[in-house]
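Look at the two complexes coming up: chain A is in both, with chain B in one and chain C in the other.
Moving on, here comes the complex of A and B:
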């Protein structure tokens, strides 16, 4: 049950007592709020009620005496009389349970749900205890896989319609359905068409019996053996709240928490099952150092930290602090991010620090734009301008919230981007703009000269425009996004922005100062010295691209990769390669030996999700808790501990007395945005930072070369499952990444002779790749789409950082 | 089996165009596919789903509710013998046994020549004419074992081919309504008068 604000109170008689309820709310909720819990199976507060299971029957006074009514289908009205505990209700509950159990196999001892099963619990609490049915129960093959991750045992199913309603209403993937309705009704998929939804794991969580189970948790533990803690999912930046459950120091399961401002209890499968990476056998448990033979071999922490400190000191003494660069930090907690910002900018004194890898939004935008929360964007009646990446692929729960807002709350989404996306079917208007042309298309929409009259009218008539802004195309220069934001600010002064950031704690890392030119709390280098700091960098440093450029040209002595993997993640792949080869010393701080760490001189083993405590900041600026439940493998440790130890060896004290909380407290002491953190660790839905924006905005003018009739504009974007380290190390998602393809519109494919799976050669000014071509109706004419980090084909070799757009030629090879 | 033939695909699109919501055409398109193939094949359900913008699972969910959509190939003639109470009392079960014997198959299966599928069914609403048999849903009343043998003979010889088309066929005559008559309904949001009021000029009478 969700807490609601009672705006229209009515009085009803509940079991003989007068109580207050909200007019029109469902009786089942009103009774529960007033202390009378009604048993239920099919009712779920986030799904449309259907009255399928009949377990919630109560006696409602109809004026002609009490009548049994399903309380999940009855809206409360003034003067209603309800009895939830009468003999009639008890008999009805007995009867319903006897029927529900008529075919249920009662295999609780071998069922994963046993111990946390609503059917089991309610059969004990409300059931008759014995059954009069002597007939043979129905038999089905048990269990059948309905997707890669989810298994279905139809014998246990009580046909509550929760999973099928979820698939249809919430996820929008109605791939499971009741079939053979009648006395043989069962939930199933269409033969050969699995329940391949990004959200399939939620059906397991809401199943009120053990019919749906997920392979990562099957037969792993009993509910009463689990230890649990609340935390926040860190697989993307939406910040879904979760309960992490472990047994014997091993995380076994994640469940979504019904957080009203964020995830409504839903999780995407990547978030739900991604914890498996932490249990991977490839986890780094000790530091590695490159020995004389050229191999990485295990060393103790003292040796590793000593040699890290000595190369850093040597670099500072040699070419000065700016020859040390720190790349990454979005994986870190807020506290760790702050400790690293302080280590880099105060102790070492370099400003060559960037927590993003050229694939995000500039710090000036994230910290400067007036913010909008997820709830504000999804507010009933709002108009949303969506300029981000495909939310279904990158920010799945934001996609669910937007989808719900469009379907149920009348939110009008106007989507402007290089291709149609997963959100397009729910958008009021989708306008495609060829890469590089977003600012001009948008300008026309906003000044009313666009041919897309309806989209234009929606945007122009919006009283309170909400903008979701992000990078829909990694092959397009980020300056074009800056230009777009600039344009919106100028044309629609009251617009507020939700940055569609991808990595978990980008916002927190930026707020902590892990960006060139910034100090914690969004202060710039021109500002005052933060409390507890001795110094700050003398000159402004460069962002990820400049750092890599410097490294490639031999100007970086120590390149610290703070949980980042530029070889796999920086869009301009050849620059990343040259940079790692050109940096004198590379230090990687990571839980895994990723592609970049393989080339490092020193790899420090870091802890991961649920192994360290702290806070994280979501894309909307919400700070929530990350709690520790298990210990990291071997001697792997938290990122802030590494920072403190390094600072110590460099002759400085980061000011940590006991725990990472000291870091949060220090930051709260001088940063206005972080004042909220001063009151101790955030609980529940967390606290919002001040997101009203700061006077930081810059403008950009980008010259986009005119499109050439012989070439297509490249769109490089991401899919949910790719070959990223954490996905590959996660047992259940390792095989889910698709093959590399280039997607073309039918109009562009026809003259090339591409008909489905033709191998083509994609050539840009800077390189070429051979890849299969497919026709995709979501791709507009003049555009070629490739996905980041899929398969062996490296689309990143086609582009060069700093080019406004990337033009490619596609030829059948 | 196959997807819809080009002619049937054209007809399918015409049918869809008659409804404000493409999904409303689900059942009609399933009939069309069953008429073409004699049963509703997985490929056909996939195609229906594509045409109406649903998932195959939704089409299967709807179609599988209806006993008269066959999800597996059936014979040219679907012979249903009623074994419900009235027919049972007047020899329905014995008739079914007889049918199994003469056809050489158990109820629920199809003869090797693909001619007949035998089924025992619940009440077909012909209690006054018990025991009742249906062939492709055409009634045969008060059927004795001898009548049944004769019926099979007539079906085999083609004697009854005019009155009983092969399984799945909806009718011998297909009416073609004019394309601009969109099933006489508008979407609920646009409705200004009850749906049962005829469109346009009331002198024209009911839909032609």
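Moving on, here comes the complex of A and C:
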């Protein structure tokens, strides 16, 4: 049941008492709100009611005498009489449960749901207690895997239609359905087609019996073993609310919480099962230092921090503070991000700080564009201009929200991007623009000269245009995105923007000042010194690309990788490689020895999700709590503790008296970019930042070379499952990353003789790779799509940072 | 001289005269061992079916019900080719901490497969804490269906491994009703087959007692 505001009150008689309900709402909700819980299996407030299970039968009297009716199908009307506790209702519930249990195997002791099972609970509360059936129960093979992550036990299924409705209505992947008829009806996949949905874990969560179980949680614990805390998912920047559950200091499961403004109880599988990385045996439990033999070996924290502080002091004393650079920080909590911003910009005095790795939006856009929340974007009747990456791959829950908005709430989505995406089937119109040409295509749409008449009309007639803006193509310079935003603001002055950021807490890190030229709270270096600070950098530093360029040219003495892995994540792979080789000392602060940390001189063991408490800020600027449930392995510690210790060794005090909350309070004291949620306050939906009066936007003009007939424009984008460290370390998702391919349109593939799995050589000005080519109907002519951080083929070697676009030639090798 | 009065009791008991029952109750333990009651609660055993499969399915109900929180169980997937127990799940980890166990037998009552029962063995003492935590390998009966003897366990004092395991389970029916006296409702055990029900009360007796109890309750005003 969701809380609603009662706008049209009607009076109904519920078990003899007059109560108020919202006109037209479902009876089952009205009764629950008024203190009378009606048992149910098939009804779920986020799914269309179907009245499958008949458990919610109540006696309804609308003037013609009481009759049993399914309360999940009856809208409330004035003067309705309802009895949820009569003998007739009790008998109906008894009967329904006896039938549901007729074939249920009652293997509760081995069932993962046992102990938290609605069927078990309601059989105890409303059931007959004994069965009259003596016949043999139905037998099926159990369990059968219907995907890599979900197992199906058809014996336990009560055919409530929740999973199938979810797959069809919510996820848009109708890959499971009822098959057969009568007493042979069962839920199953289509032959040979697994339930390969990015959202399959939700079916496990909503299954009211143990018919669907998740393989990562299978037999790991029983419900009464679990300790839980509410928190926020940190696998992307949507900020879904979750309950984290652990047993014996090990996180075992994540469940989505119904947060009305954010995730509506849904989670993507990456978020749901990604916690497994924290339990990986490869977690770093102690700091590592490169010893004389060249190996990384374990050292104590004092040794590690002393040596980190001494190289930093030496760099400051030597070539000055700007020879220290900090890269990363989007993995951190707001508090940790602020502590690192203060350490870098105040204590050390360098402005060479960037929390993004050349794959995000410029800080000016994220901090300066007039913001729109997810709810505002999905508001019924809104018009949305979607310019981001494939939401289904990168921001899965935003995709679910947009999909619902388009399907049910009449939201018109106009998509402009280099390829069609998972959202395209739900968009009013999808306009493809070859990389580099987004601004011109968009300009034509906005001034009415475009041939896409419908899209153009929608955008031009929108009274309150919402824009989702992001980087759909990592091979395209970010300046083109700036130019696009600039164009929209000029043509549609009232437009509001939702930045489609990728990493968990990019927004929070940017608000905390982990970007060149910025101080916490979106203030620039030209502004006043924040309260509690002694100094700020004298001159503006460089972003990720400049930092790496400087490092490659030997101008960076200490490169601090704050939970970042440029060797895997920075789009221009060769620059990242040269930079790590060229930096004098590399310090990595990470829970794992990732590819970049393997080349570091010092690796400091950091804590991870659910091991540290704090807050995080989602892409829409919602500050939500991250709660601690388990302890980090060994002596690994929170990032802010490392910052405080380093500052201490550098002779400064970051102002932490007791906990990270001191940092939160200090930051909230002088900026509107942070809110203190309060100790022990309910997690709730978090608090939206209330930001005003920022004037940060810049404009850009990019000269894009004309496309030539011999080459294709490269689109480098991401897939949900790739070879990133956290996914590789998660037991269940490690094998889910696809193979590297180059995707071509049929029109481009035909002349090359590509027919499905041909090996081709993709060559750009800067490098070449050999990779399998496939034909993809979502790729327009003139474009070649490759995925980032996938497989052994390194698409990042094809491009050079700073080039507006990347042209490649594809030849059959 | 009042303090010597107390010794009179001791001396009387020792001599066996003028006591309530008229006999001496002190025995020369451990040289002399009294037979243990039929439903004595001693250290646990994990039973196996007659075909050698483990009865434990790792459901953790014993751990859930344990008031002393002394049982730690974790389940795991059975290898379909070579299952440890019938069905999908088996007890992968099973530990009982005997420094905590109060031998209340709630675990035995909770167990849906009669995997855990208590033997009559109580003579075991440890010299370190890790010995006190019995692991699954230590609790599980051997291939002959007999419990395994730990070095610190004294089996000399009349403990008969062939008879003194799972006594409690055999004394009651699954529903706990004496009317089911003599009806075997439990699975066979490795090495023993289906054990005979424990003799004792009859359903008539139980029925009469129950009726008397009801009558007594009515006299006191019922409920």
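Throughout what follows, the second predicted complex is superposed on the first by the 801 of 813 C-alpha atoms of A that agree within 3 Å, B and C clash if a C-alpha of one lies under 4 Å from a C-alpha of the other, contacts with A are read in each partner's own complex, and residues count from 1 in each chain.
The rule is short, and it goes like this: contacts are C-beta pairs under 8 Å (C-beta built on N, C-alpha and C of every residue); 3 or more make two chains touch, one makes a residue touch a chain.
Since the model is a prediction, treat every value here as computed from it, not as a measurement.
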Could you say whether A:110 touches chain B, chain C, both of them, or neither, answering first, second, both or neither? second
After lining up the shared chain so the two structures overlap, which partner does A:193 touch, if you call chain B first and chain C second: first, second, both or neither? first
Could you say whether A:710 touches chain B, chain C, both of them, or neither, answering first, second, both or neither? neither
Let me test your reading of the model: by the given contact rule, A:180 touches which partner, first (chain B), second (chain C), both or neither? first
Which chain A residues come up in both lists, the one for chain B and the one for chain C? none
Give every residue of chain B touching chain A within the complex, in rising order. 42, 45-46, 54-61, 64-65
State the interface residues of chain A toward chain B in the complex, per the touch definition above. 173-182, 188-193
In the complex, the residues of chain A that touch chain C are 107, 109-110, 114-115, 142-143, 218-222, 224-225
Seen from chain C, its contact residues with chain A in the complex are 57-61, 63-64, 74-77, 87-89, 92, 112-113
